[in-house]
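Okay, here's the structure, questions in a sec.
Order of writing sets the chain letters: A, B and C. Residues in each chain are counted from 1.
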Amino acid sequence: MTAVAARNAAEISQRGRLRHVGIRQCTEGIIEWSLWGLTMLSVLTTVAIIAVLVWESTGFFTMAGHDDVTVWSFLTGTTWSPLLGAEPAFGILPLVTGTLLVTAIAGAFAIPVGLLTAVYLSEYASPSTRGWLKSALEILAGVPTVVYGFFALTFITPYLLQPLSESFGTYNAMGAGIAVGIMILPIVCSLSEDSLRAVPQSLRDGAYALGSTKFDVTAKVVVPAGLSGVIAAFLLALTRAIGETMIVALAAGGLAQLTANPSQQVQTMTAYMVQIFLGDAPANGIEYRSSYAVAMTLFALTFAMTWAGAIVLKRYREEYE
Amino acid sequence: MTTIGQEIPIATRRRKDKLMLAACLGATTLAVTVLSVLLLSIFVQGASSLSWSFLTSFASRKPAQAGILSPLMGSLWVCAICALVAIPVGIATAIYLEEYARRSRLRNFIQLNISNLSGVPSIVYGILALAAFGRCFGAISADDPLSLGDPDGFFYLQLPFGRSVLAGGLTLSLVILPIMIIAAQEALRAVPPSLRQAALALGSTRWQMVWKVTLPSAMPTMMTGAILSMSRAIGEAAPLLVVGGVLLLFSVPENLMSDFTVLPLQIYNWAGRPQAEFHKIAAAAIIVQLAVLLAFNAVAIIIRRKLQRPLQS
Amino acid sequence: MSHVLMDPATTIPQAQSGSTPTPAPAGTPPLAVEMRGLSAWYGTHQVLQSIDLDIAANRVCALIGPSGCGKSTLLRWLNRMNDTIAGARASGRLSLHGLDLLDRALDVVDLRRRVGMVFQKPNPFPKSIFDNVAFGPRLHRAYGRTDLEELVEQSLRASALWEEVKDRLKKSALSLSGGQQQRLCIARAIAVDPEVLLMDEPCSALDPRSTASIEELIRELRENYTIIIVTHNMPQASRVSDTTAFFDEGKLIESGDPDTLFTTPRERRTEDYVSGRFG
């Protein structure tokens, strides 16, 4: 029976028209090259970003009539007043410290809260609780950043900060920093949780079997084992904080000043760029060009941090087997 | 032999245990509280300004009469363009990386490049887009553009794109491309290798295998990723601000070269004003924005539930 | 091979009531573990059914039986690892040197330092070899540096690993081979000075050579510890154990001296199992 059926199958199989092998190989080739071409778009994007930033920044540094603007004076200058006064000053440090101040406040809020929440989700919560909390975090992650800026302006500053101290103005680094912290909280939390949950149960069992409490298991086995992923999550979140624009444009203020006082207003690199691109600065003026040098600095900073994150993940990734 | 050493009292260890649980619970409660307060404060501020006319009127200098028709339509246009560009390119890139370029140095380099791109602040993409789409890198002067078609009709193109809705959509597609690629890659990686081997063993070419086996089984996850990328795009404001999204507009886009604004830009505009009345309508616009996002997420969840089940069993 | 055909209905209760069937010679070691009517569930699924078994101190007891018959569950009640599984519960009596192990109020952390466990797959922490062995002791006590070093050395010697790793104690434990990792896990368990060592198929992931070295280790460790080992390898059970207990479908079918159990089992099911006719 089977032998007959197999013979029949073989015969019927021959009835189909043979497809041309040459055509097939040709389409395969075309498809592969098209896919390659589309893939190269992302490489092209990076190249184009760097080219535009370098080109325009060079224009800024070599602008005629502004010989005092050099790369050195730009990177080390402590006054940033491009629009004020007769003699504009282009020292980026106030913008950098403004950015770092906001980022530090955001990190100080989001890193501990995010990590502890991640520990709760991965080590304590029941599956259903975890499901609910993760959906809540997903909502938080999807909220547009301009909404957090609005929240900082209309809730955090007037209802949380100003009752605490009268020194907080309408625009201040603290309110913006907390809002940025809320924005990056889901990133810290969900990426850390992924990393903690990837620690195999057998390691937890091994630790419990030696007489560990839950604290011992978590603090001495699970978190150290997942540390590379947790640190990469921190770096990614801080990178997002540094590049965040709308929150600081709304809530941090517009005065570039070198200060570590969170109740003061500060200007970040991104907020300055918004100010220039929204304003009426003439497109060939020095203020306009300066925004490209600021963008270049911002790009270099975030690029370095992303790179660091990739290295942490790659070099210190734990293989559990 | 282990009786040397000072015994650590069990009570101390238990206390640490309790402290950590308290800290974790506290942090989680804080996170949930923040989310609730955020949503609540916006709802309280904005609910009273929501109405049908709010959705169907143009902006106005009087907050009571202002509406969000322009930004709503603008968001729609920009997102549609962004989706049409970013989703196919993202999927193609993911296919190339996962199915064709497996384990080569080129692949490692591109992968690294993509993860770096995903860390680039969105406003920097705005700068690139301004130079590339807005000005064609200075190759074509904006005063003497190349045009194609009738400026008042639907089919109208102009180079450089300037401050048009097409420039806006392309800008957003740059922003979400790395996210889309990574999501599509994850979807492809989740397809069991045994399926691929089965297809190859039957004599299919690589593309036949991808088209008939890998892509269909990765599709639900990919679509979920695409929708989540789009929900990122719809909330972006900074890069559009750079390429020239308008803050106050009294029209809706008619063709790819029309001026545009989007919801987040409108929210930014109203939120940045000192008057409380404008904050109210900003909050109302936020509610609309969040509703759109929630709808996106709901669709993603439905796709995940509906399409993933038969493939998993 | 059919010299012990008996009616199962009459023999099962007999096997259960006489659960220490080896004729007790003078000077029998004291009992370490005592089970009376021990039943266990995961949710509504009953996994162990009224087990009666005694395990003598400083002896090796091997548990054998087909997969899913509840051997691991039994072990995990002995150090209450089942507390980490939602829905796991047990009834009956289970005691360790008179301590009630099913007591809700029992301090499981303290129990687990008295009852060490070695798992089926070696599970060293992603830390250095030294830190792996020192992990347990550091949990429970504060040691001086030299004491700790000495303790680690002695534990590694006890698990016959010292000579192989003494020059690379700071290296990651994950750089060891599978057999070495398993011996490291034994050293890690020994370092907290347990009374009982539970081993759940400790050799099933290892090659024959590493298996042989672990078996030898088990025979030597018997002097200091009560060892309860689950194994699928029947020659291994007969080589290392003083008592072997055969389980099937959650019931204890037969237990006793391994030589007797493997050559002249009293139960039909035991015979089928040890002669490879099922399981």
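Observations
Heads up, the rule we're going with is that a contact is a pair of C-beta atoms (placed from the backbone, for glycine too) under 8 Å apart; a residue touches a chain by one contact, two chains touch by 3 or more.
Small disclaimer: the values here were computed from a predicted structure and weren't measured.
Taken pairwise by the contact criterion, the protein chains are fully connected, each one touching every other. Here the two chains linked by the largest count of contacting C-beta pairs are A-B. Innermost chain of the displayed assembly, by C-alpha centre distance to the whole-protein C-alpha centre, is A. Separating the CA-averaged centres of chain A and chain B is a span of 14 Å. Put simply, the C-alpha centre of chain B and that of chain C have 54 angstrom between them.
For the pair chain A and chain C, the distance between mean C-alpha positions equals 50 Å. Listed for chain A are residues 213, 216, each touching two or more other chains. The set of chain B residues that touch two or more partner chains comprises 13.
Shared contact sites, meaning residues of chain C that touch two or more other chains, fall at 109-110, 139-140, 192.
Those residues of chain A whose C-beta lies close enough to touch chain C in the complex are 126, 200, 202-213, 216, 220-221, 224-225, 318-321. Residues 107, 109-110, 137, 139-144, 147-148, 151, 154, 191-193 of chain C touch chain B in their complex. Residues 79, 81, 84, 86, 109-113, 116-117, 119, 121, 123-127, 135-136, 139-140, 174, 185, 188-189, 192 of chain C are the ones that touch chain A when the two sit in their complex.
Residue ranges of chain B in contact with chain C, taken from their complex: 1-8, 10, 13. Chain contact summary for the complex, chain A toward chain B: residues 24, 27-28, 31-32, 34-36, 38-39, 41-43, 45-46, 48-49, 52-53, 56, 112-117, 119-121, 123-125, 133, 136-140, 142-151, 153-155, 182, 185, 189, 213-216, 218-219, 236, 239-240, 242-246, 249-250, 270, 273-274, 277-278, 292, 295, 298-299, 302-303, 305-307, 309-310.
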